[in-house]
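What follows is a set of structures to go through.
The following pair of complexes shares a single chain, chain A, combined with chain B in the former and chain C in the latter.
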Partner chain A sequence: MKRYVVLVGLLASLALVATACGGGGGPTETGPTGATGGIPTGGILREETTDFGFTNAFDPTGEYLGTAWAIYGNFLLRGLVSYPWLPGEKGGNEPVPDLATDLGEVSADGLTITFTLKDGVMWQPPLNRPVTSQDVAFAFQRINTKSLIAQYGNYYCGTIVGMDCEGKSQEDPIEGIETPDDKTIIFHLERPTGDFLYRLAQPAAAPIPPEVAGCFDKAGEYGRYVMSNGPYMLLGSDELDISSCDTLEPIKGYDPDKFMYVVRNPNYDQATDENRKNYIDGWSYVINTNLDDIYNRVLNGEIDLAHGAPPAAILQQYLTNPDLQDNLKTNSGDRTWYLTMNLIVPPFDDIHVRKAANFVVDKAAMLQATGGPTTGEIATTIEPPTVLPDLADYDPYPSPNHAGDVEAAKAEMAQSKYDKNGDGVCDDPVCDNVLMINRNYEPWTEYTPILTENFKQIGINLKVRELDVSTAYTTIQTMSNLIPIAANAGWGKDYASPFGFDYFLFSTAGLSCEGAVNYSNIGLDEELAKECGDEVYEAWKAATDNGRNPLPNVDADMEACVAKPFGPEYNACWADLDRKIMEEIVPWVPYRWGSQNTVLADTVVAWEYDQSAGWTAYSRTAVNNGLTMDEVAQV
Partner chain B sequence: MGQVRDEEIGEPVAALGAAEPTSTIIGRTPWQIFWMRFRKDRVAVGAGVFLIALALLAITAPLIAHDLVHHDPNALFRDTLDEIGLPTVGPSAEFWFGVDTSGRDVFVRTIYGARTSLLVALLSTGFAVVLGILLGSLAGYLGGWVDTVVSRAIDLTLSLPVLLFSIGIAATCSITAEGCLGGLIQPGISLVTAIIALFTWPYIGRIVRGQVLTIRNKEFIEAARAMGAGTGRILLRDVLPNLAAPIIVYGTLIIPSNILFEAALSFLGVGIPPTTPSWGRMISDAARGQLYTVAWWMLFFPGMALVLTTLAFNLVGDGLRDALDPRTQVSG
Partner chain C sequence: MIRYIVRRLLWVLVTLLLITFLTYLIFFVMPPVHPEVIFAGKQPTPELVAEVRRQFGLDKPVVIQYALFVKRIFLGDEYGWPGLGFSFNTRSALKPIIYERFLITLQLALGAAVLWLVVGVPIGILSALRPRSILDRLAMGFALFGVSTPVFFLGPVMLYVFWFKLGWLPGSGFYSIAKYGVGTWFVHMIMPWSVLALAFAAFYARMTRGNLIEVMGEDYIRTARAKGLPERTVVAKHGLRASLTPVVTMLGLDLGGLLGGALITETVFNLQGLGNYAVQSVFSGDLYAILDVTIIAAFAVTLANLIVDIVYAFLDPRVRYT
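Our next item is the complex of A and B:
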């Protein structure tokens, strides 16, 4: 169990890192440029990136990167349910039937869900056969296989009867999944699970053909051989020799170090699909390590699209030049950026210091330093309102214009044990050289001067270490480092339910000696503190008065919320929990709800945002560049 | 000591000159000759004056910042930034060199940056010179296995990929709160100084070793040895004074390269702490995301400071070399 948690935590944060690299912003108008009747078809959508950043080598069973989810969903994989590839305000976070005829039939006790598959959904060449319920079951067998490392397998294991993610072989059937015929699949659950449809919409739950994937039993291997039942397929994937496992050669249209090309799947029937529009003839995704060059190429129309906020000087052009304003898209990224404070390390082992931190941080300056409103909106609580609308107006630590309230911060600091003379400024030696971990690139490096000055006002002198992103995460994930405060962390949704947001970050499931994501150590008990080394145990004893005053724990609150029926009651339960965390535990200073920025060239004539993956809805995007894949692909 | 001897001899010289205007052979110490030659080198003297002014500016930076400009180096004037965090105030009466992307005064940070650059460069050069003299003279004088060990150490250090290695050390020592080697090396100025000294001493060491090799068989050393002087005394009293000229010249020429070394490390983000002003870091801030196209002053001023300072040290070094080497002809 421990190792499992370590793994999930580490991988979850890896995914986060990866999604975080995509960019940041605030929910605004999206809208395609006149996406009505006369949208042209054809052309190749050309995109570049500095790094693919896949977390599991593009194997759908384990892949945890938002970009990959957009590629699977729009191009390659049709699951029982999926999303409509639209922004949040148009229902982009709501599951809709895709491979299934409807959203499933749920039994009265909520424990059995039955789906029927549509007719006419085929696998690409050379498979050339209909998609069956056994293909769906096979995807779950892969999730359950330990060696394949399903990075978010926790959404299924423990929920579907017979799944524990410890399976030996992907051939082993799962007790709780029945396939009475090729078109019917029945799931048996351990307990009613309000957000089960969301979990089914994840790419790992989409069907996988055993003929090809069955040849690969190590994590990530199948990523070079992904078979499509969607509107597009990887270039050259139709040339696979599937006569035996030995004859399979990696698909030539995907080189993990260079490019990925997709082209139309001849076996796809548009009549079976209401949500994908499939205007383009293909998509090219090429690695270019020069970020500035990527944005210059978009400006020059040499490529069609790039994700993420451009460098400040280029961003300014998009914001001020009327000809370019429509070419910069800003959408909610469903993610929160925050400072995390450690409940067992002075001075943050005192709740008044943590509250003072919430008051003193100039969130307006943080947003400005990130690149302004384009990059997001100021966060006042844990979950963005796009995930949990109940808390849209909740701000427990208000300040004028969100620029920080020094007086309120000092009032809190004065109540702490580290301010002996009560003047609101820490006068204890623990406030000197307080280590803060940060990332070593923009905009994080811009936060260093702001936070240093902010915290100085309450007597906390930060000593900032700026590290590369993965080192920064590893550093704060290792409990024995006892990092007091960190500014490098962010969290993005897996799917639009508060569960995915709160569970690992604050429950004891997110605690471990290494690879923890509950960086604040909420609920850390004596047993684990001892296991993680003498330093941790000593810190734990000091922070809990030798265990007489245990750390707060929200596990029971979470269990109560998970069991609520999906809907208003479910959201209200999580909203109450968020209030409790923000006011009674205070592990974070949330400062920005990040947005996703996309820049388009004039060649893009229709564009839509896919809220579910936080990325371009490729299946609803059109270009007029008239190119063919032969002219673009450099295979 | 040189000053005192200057005056002792200087006075009679003047008196003699007044009494007998025809040319006379005047006894001069090597330092007098050096100074006469050096001060004729206008370029070197000018560069020296610049460096003295820079040092004064660096020493008085807190006073200037606090009492003259009224901007502390880390004070944030965020109303000088636009909505997306780009600086809108260039060189002006309020901000002489403009503001950076955090709304900090670039002038104040530039003169504080001089503190960092000079401190790191002088300290690391000092350590390198001491280490180089110690090991180089021992190797040259004692020979044998000592020479072998020191010479191989020099070869080894010179063959390391300096920048990669420094980035590695700096990164390793920056991960934990304690630094590395049990807290001996802390990230920041001390670490950068140590790294630079570590990679610079072989240059001094090699030159010193070569010089000592030629000196150690001279007659006056033989004489000293015959009179019963020990190794330490001979090295200190007889060998070292003869090494002064090359050490001064190479020490001065190493300073600018160490300034650039520090700037390079800071540019790469592995140098001194983030909020400590440093020219390298300021240049890297300006270069990021084509910022200099919007705020040229962020690149120009720290860049000019770096160029002028390294140029000045090089010119002074050249002047010293010319003045100290009896074989060069001084013109003008």
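Our next item is the complex of A and C:
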């Protein structure tokens, strides 16, 4: 495809951009220049990225990229509930009313939730009309329409009565959604759902105007026509001719190949919104193919913000230069990096080997190889503490300074069927040339020697295959590849409820022959094993003694937790389940809770982190560059 | 001559068909990524994957897909003629994207070609006429430097020095003439042209020097001089004409190759041309975008070959086509 010298560099750069990282650090309402007094308004926040990376061409119904969620939430879409656009410690992961007057009225049985819409929330020009409950219902009709490929439709289908994500037309009403008048919407649920508010806070659940979106019945098509009911709108979207579907032309302020510009929405009423501060006059988001150039432009003040996680060299520069340290912001990324082990592939089909792996890995060395504490903190369980605070101090496989405990690992290995002489070192041939998939760029390549050395201490000789990020993922997602162990995987929350984190990772819903995300095959049954091919079926038979010892399954546990009322009881249930997974199933070696690092220019005078989307809270960011959109936009 | 050109054009067509079919096969035999899985999100359930596959037209047998692709190219698609399809990434028509990016690559390639000819050929001539002189040694030193300095090194260094440190030239990015005027366009292109042209200029200088030295030793040059022709005429009319024929061949091939995208230069200088797009498309498994860029690159090379062969007939009186 290309000359490989550049490919390697590009891959590394792109992947680093796409990767969330770990840490602590402090967000601030006063930025690097230490603006005193009031926060200035005006100016254009200029941001550059190497690639937009949208997963569904920016159509809110299916779009699954965190950046897109930040754009929708801060600028364009006001759902019934949303977030305060703050970091986790300031409540950034807690849903708050936005389009709705409150957090809804829940019936005694937990099956009916009623919301009332605020007055004064309008659609942008040329729609120029109030947002109605029918617009909210229409968003769910779109989620339910199969051809629109709602990429996280699973949070609604099977939960709201009448939704199965198999609908034929977005015009078809949903049985479990009532709109008795323009201001009221009632949801009927199949079962009590503790984290339903979080699901409503997702961008796909925000209202969508049928007069525009109704013209597009294929996935992603509406992405170039997104209408706003928020404080900003896409540049030029007010010029849309909505007299018919035929007269609609793509909005000029969004070229998916080049740029996206947003400007203030004249129909927005700040009095209806307690959470967005809207300091800037506009936002410019431009593709720049040269990652180094982007960071140099930030240093020069030619742009205000570099998108994504800074590469290691840039991070080092900001960490070591006292003049730049204040321009680097580090926040929790709500993301766990882990080794995944396959329950049907030797030697990891033995739980003692999996436990031994948890003891033997030197997580401190891996964190150091990643870039140190700025890139995250040592992970001791599945959920980051920002998602499940109950397990903040939980560490089932402790070791001094997290550097690995070889003796404890050997004690576990000695109990496995692969250590016949009980000396704590695997002596079975299955421990030779154990294939491990990894990514082919730093810091993952730095993990290879660490892990190879660690596993050698318990007799497992890893044969590491380093691949680009996409190939690595598709390799472990294809069940018939029977990958024993992989170091390439990471997982970030969809929303800050343990359900949104755990469900697909460990339930049978995350199993499929291709595209599985339950890489460990927890709950794999005979039927699916057969469907995925002879190799999988044979491996499944061997691992389960021909089905006599079925693989562990946590579906019922999850169902029980989901039905708990949201709050302490809900979290306790998930905490118990996580303990069960970590101690009785042991599919992972979690090693790092990643942080999100952000590099700002001196022109940014107020900045906040949006914990919900894991990126800059645009609605709380201010700049002093004094620019106008006319001076910035290349339209 | 007309029959020859028609025959060659038909071969161009066959070549293009072969290349695109091979590209298609490579994509499916060794897919760099699975687009249908990528665009089904983080939880690619079999139902979502199947629906994406259907919408992308990937649910049909490979041969049928290819036949439909060829049909669209010739007969057009819902976005007009030629039917270049749509991007999986943006769900938008590829034609305007490819067209815009081709224009950027064209401006980069043509500007660089002018520069390397203007610099490389005269240096080569001067070196050839004064072999082993100081000028010759300096020129060949330049050639050695140019040939051995990779673009991915020189580009960032030039950006760092002339934009970031000295501020003499503007930074990266493409600024079109239509929107920003000739001046802005020109100053933004200086560094990309220079970086891209350097290696070529060095190579052309060496080639011109070698050819000219060889030609200047030929009998007919001695005859020309013996007839009393002025040295300028000997060099320009008899020496250069023969020695530049291979240069024309190389120019055609190089330019043809560059029109498929000058990947590294485009990436370093944030010029969103075809090479850059090819990389992006491969990363995301954007099949039709990959195929479109392949077609343009292959077409440019084969067409350049044809043009070179035709120009040969005019440059070299011994060449005749039937």
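We take it that the second predicted complex is superposed on the first by the 595 of 635 C-alpha atoms of A that agree within 3 Å, B and C clash if a C-alpha of one lies under 4 Å from a C-alpha of the other, contacts with A are read in each partner's own complex, and residues count from 1 in each chain.
Note that a contact is a pair of C-beta atoms (placed from the backbone, for glycine too) under 8 Å apart; a residue touches a chain by one contact, two chains touch by 3 or more.
In this text, all values refer to a predicted model and were calculated from it rather than measured experimentally.
Residue contacts after overlaying the shared chain place A:G510 against chain C, while chain B stays out of touching range.
In the superposed pair of complexes, A:T374 makes contact with chain B only, with no contact to chain C. In the superposition on chain A, A:D257 makes contact with chain C only, not with chain B. With both structures placed on the common chain, the touch criterion links A:P396 to neither chain B nor chain C.
By the touch criterion defined above, A:N481 lies against chain B but remains apart from chain C after alignment on the C-alpha atoms of chain A. Once the two complexes are laid over each other on the shared chain, residue contacts for A:I450 go to chain B alone; chain C is not touched.
The wider contact with chain A, measured as residues touched, comes from C rather than the other of chain B and chain C. Once the two complexes are laid over each other on the shared chain, residue contacts for A:L315 go to chain B alone; chain C is not touched. Of the two partner chains placed around the shared chain by superposition, neither chain B nor chain C is touched by A:P192.
Contacts of A:P125 after superposition on the shared chain: neither chain B nor chain C is touched. Shared contact residues of chain A, touching chain B in one structure and chain C in the other: 292, 471.
Chain C meets chain A in the complex at residues 32-34, 37-49, 51-52, 55, 87, 89-92, 97, 100, 150, 152, 156, 159-160, 164, 171-173, 179, 263-264, 266-272, 275-276, 278-280, 282-283, 285, 290. Against chain A, the residues of chain B that register as touching in their complex are 74-76, 78, 81-86, 101-102, 104, 171, 174-177, 187, 269, 273-275, 285, 288-291, 293-294. The touching residues of chain A, when paired with chain B in their complex, are 291-292, 310-316, 319, 362, 365, 368-374, 435, 438, 440, 442-443, 445-446, 448-450, 452-453, 463-467, 471, 475, 481-483.
Within the complex, the chain A residues that touch chain C are 1-3, 5-7, 9-11, 14, 51, 54-57, 62, 64, 146-147, 149, 151-152, 154, 165-166, 218-221, 223-224, 250, 256-258, 287-290, 292-293, 296-297, 299-300, 302, 468, 470-471, 474, 477, 494, 504, 509-510, 512-515, 517, 634.
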